[in-house]
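I've put the structures underneath this note.
What follows is chain A paired twice: with chain B in the first complex and chain C in the second.
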Partner chain A sequence: MRSSVGYVWVDSPLHRAPAAAKLVGLLVAVALVVLASSPVELALAAFGVAALVAASRVGWRAALRSLWGLRWFLLVVLCMNALFFSASDPLLSLGPVRLTLAGAAQGARIVARTALVVVLGTLLTATTRPQQLTSGVRDLLRPLARLGVPTEAAALAVGVTVQFVPTLLRESRQLMRAQALRCGPASSGGIMRRAVSYVRLLVPVFVSAFRRADELSVAMEARGYRIDGRPGRPGGENRP
Partner chain B sequence: MTHAYAPGRPTLRGVSLDVAPGEFVAVVGENGSGKTTLARHLNALLPLQSGELAVAGIDAGDPTRVWELRRACGMVFQTPENQFVSTLVGEDVAFGPRNFGAGEKDARLAAVRALADVGLAGFERRDVHTLSGGQQQRVALAGVLASDPDVLVLDEATSMIDPQGRDELVRAVLRARSERSTALVWVTHDMELAARADRVVVMRAGAVAAAGVPAEVLSDRALLESAGLEPPLATRVWEGLVRRGAACGPAPVTVEGLVSALCD
Partner chain C sequence: MSSVKRVVVAAVCAALGIVLPMAFHAVPGAGNAWLPMHLPVMICGLVAGPAAGAATGLLAPVLSSLLTGMPAAPMLPSMTCELVVYGLVSGLLSSRVRTGRLTLDLYVSLVGAMVCGRVVGGLLQALIFSAGSYSLAAWAAGYLLTGLPGIVLQLAVVVPVAVALERAGLVEPRYPQR
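Let's turn to the complex of A and B:
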């Protein structure tokens, strides 16, 4: 059984770990990945991420699904860096476009870092249910409440956002199907056609998201929520 | 009461309405007739521009009593999934009581009780996205009932759910009404539902075109057509029988009434 937001229902040490610890772990892991620059450091980071995927028992397909969705974006990043990053010692040169080894290496570094961060993020959502995530954010922010930071509002915002993800995903899929029926699938045709298809898709998705957000804010107000008062606290770990 | 979203274009024009404790009032009318604006005023979601409005004895024009009024008057909206603040059913239902000052334990107990009242006992740990539309709307209803309101406003709350979900919601609302003596203001396009009310209010162009018992209001075809509505199914069947000379007398507005009239 799998929830629509990517949680994978298996038992593993990562699934059992507290959400707050996983969030801190994610921040630390992302920092290490971003700081890794040499091939050896990146290989070590990749090994660490692979070990986490194995420990999570979510399966490689689930762990790499988001990455597969970004393959074209990552390819563009790699090409742009390889062709425009450096002007010295070009392997190939065509007007302002210069293919360089330094550029290709820089592109590969960025792609590797991005891919590792994406897999780490996927692992978090695959091993943490949305309500645990909200609860983890609240636990992490709690010390800031003493400084007057509206932590409850922040945790609520995270919870509400997470709550809306499956709805918006479902709506996006419906719009894609509707568009495919009328104009052909967005994933077919040339790059320009695809770009136009995706832009055409984005507009109704955004309109719908804003409409839903507006309706939710009215419903929250009707149920007594006030940002300046005593807000509700959905998402607690041990509540009913 | 009058309300305008833009100057010179009133959405509500001199609406006057009384609802008694425990009474079930159905508000019907075509889109744009002012039903939702009226419903939102009952929950103080819109500022009172002119006129007077008291809900459960609380002055809606007094900004210091807005939250008191919202506790006394709960509102269920059209789209269930646009009302949830948490993926977890129990968390979502406890949201209202917490906002209205209940402690953690009391809010949890209120959520458990309200879920049981709407026929969803034991659903506290369920994910709202795994529920049917009807169950989701009952969760939304429980989220309102958990604050124990004196008045319940439902704004087209059955229009986005299937017939089975609609029946489940109607049963849950009517049970809550009978057990808690909650006054019910149900904005709806569903004439069969309106036929079950104590009183029907017909809105037309921002004003109350008619108000009365369902048997009178919903059998008046001319009135309903002028408000962009049509009579309930039972009334339409009866009209057909009358035209063919197979029936005579006052038209029933419910299927049960139609069956009784035909058997008699």
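Let's turn to the complex of A and C:
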């Protein structure tokens, strides 16, 4: 769990671009990556993503850091596809397991698409502060307010979610290390032992996250923040 | 619970819905088996109500897909619908079930949500997302067999977490007179 999503403090055209435009751009780019199927299309998509990383000036290390956390997942996806995707023309056959070229190509396609989407997502959070992201979501959702959609609450929820990801990631990592030191890694042993290990790990993770949520909502209400946008009474509604 | 806190709790649970799969995917194959994204959605529904649960069920997979690439885009619509049902039903049941015992209330709500989410997920697969190529065997294999560790984890984790949150005074008590 070494991946991280967070703002990188440099100046670049991507940093200066409006958040709403970046959100729309991300959706379009993700759609294009998902639709790319041939090696040429995927290579073009990879070139486009690489150009965006260069233009963002966040650095290759920061842009690719999230992929490192997914290395096992991507490896499993690649292997599963290579070994089980197809039964025709196997390069190697061992019982139900058949290594095929078509399977390996399918696995490589999925891994490439996932990797490109991950880098695009990392670029969004590396070049956009949570407050800007909240404003961007609010701008994009504004037309829906006429239909009664609670756009203010939606924008707040998206902003808080993105803001909390790096914090919770860091805390979860610390708790996992502490748990591993006390009782061994949670990912070892049988199903029941692992379930018990996960309970020991997840209870403090959730309590810590809810404590942060409580502190944030108290601070917002104390400053008179209201979901409907109207100024509220300092001190807010009844707690908790 | 105030409306601001409800939104913030939904958002924090959505953030956990992004973070926990990242942690579980560090172990090969653990993400699909242990279903880590389901946990914060169900917990949010139980402690913050159906609207917050449904919002978490919507936000977590969509933002996770955009930020981390998981779930992959073809799986996103079906997974989002399933998670919204988990959050919605756990919240609805939690607000209505009153047996007088906190743990029993939560387990009834949780199991109800787990059943409804899996049934609705299977129906959506059969009628919309994999129409014509979906069978009862595929449903049983996908939702029950592959996800068995996830079912065990949900039964083992969700209620203790909800109880711990109540004991820590972070959510409204169900039976305040005690």
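Keep this in mind: the second predicted complex is superposed on the first by the 173 of 240 C-alpha atoms of A that agree within 3 Å, B and C clash if a C-alpha of one lies under 4 Å from a C-alpha of the other, contacts with A are read in each partner's own complex, and residues count from 1 in each chain.
Please note the rule applied: a contact is a pair of C-beta atoms (placed from the backbone, for glycine too) under 8 Å apart; a residue touches a chain by one contact, two chains touch by 3 or more.
Owing to the predicted nature of the structure, the values given are computational and were not obtained by experimental measurement.
Student: Check the residue A:Gly224 against both partner chains and state whether it touches chain B (first), chain C (second), both, or neither.
Tutor: A:Gly224 sits against chain B, while chain C stays out of touch.
Student: Check the residue A:Thr114 against both partner chains and state whether it touches chain B (first), chain C (second), both, or neither.
Tutor: Second partner only.
Student: Let me test your reading of the model: by the given contact rule, A:Tyr198 touches which partner, first (chain B), second (chain C), both or neither?
Tutor: A:Tyr198 contacts chain C only, not chain B.
Student: Comparing chain C with chain B, which touches more residues belonging to chain A?
Tutor: Comparing chain B with chain C, the partner touching more chain A residues is C.
Student: Is A:Gln131 contacted by the first partner chain B, the second partner chain C, both or neither?
Tutor: first
Student: According to the stated criteria, A:Thr122 is in contact with first (chain B), second (chain C), both, or neither; which is it?
Tutor: Touch partner of A:Thr122: chain C, not chain B.
Student: Taking the two structures together, which residues of chain A meet both chain B and chain C?
Tutor: 3, 156, 159-160, 162-163, 212, 216, 220-221, 225-226, 236, 239-240
Student: If we count contacts the way the header does, which residues on chain A are in touch with chain B in the complex?
Tutor: So the residues of chain A touching chain B come out as 3-4, 129-131, 134, 156, 159-160, 162-163, 166-167, 212, 215-216, 218-226, 229-236, 239-240.
Student: Chain A touches which residues of chain C in the complex?
Tutor: 1-5, 7-16, 18-20, 22-23, 25-31, 34, 39-40, 43, 55, 59, 63, 65-70, 72-74, 148-149, 152-153, 156-157, 160-161, 164-165, 168-172
Student: Touching residues of chain B toward chain A in the complex: what are they?
Tutor: Answer in residue numbers: 40, 43, 45, 67, 70-71, 74-75, 77, 79, 81-88, 90-96, 98-101, 104, 108, 111-112, 124-125, 127-130, 143-144, 147.
Student: Tell me, which parts of chain A touch chain C in their complex?
Tutor: 1, 3, 5, 26-27, 30, 34, 66, 69-70, 72-73, 75-76, 110, 113-115, 117-118, 120-122, 124-125, 153, 156-165, 168-169, 172-173, 176, 187, 191-192, 194-196, 198-199, 202-203, 205-207, 209-214, 216-217, 220-221, 225-227, 236-240
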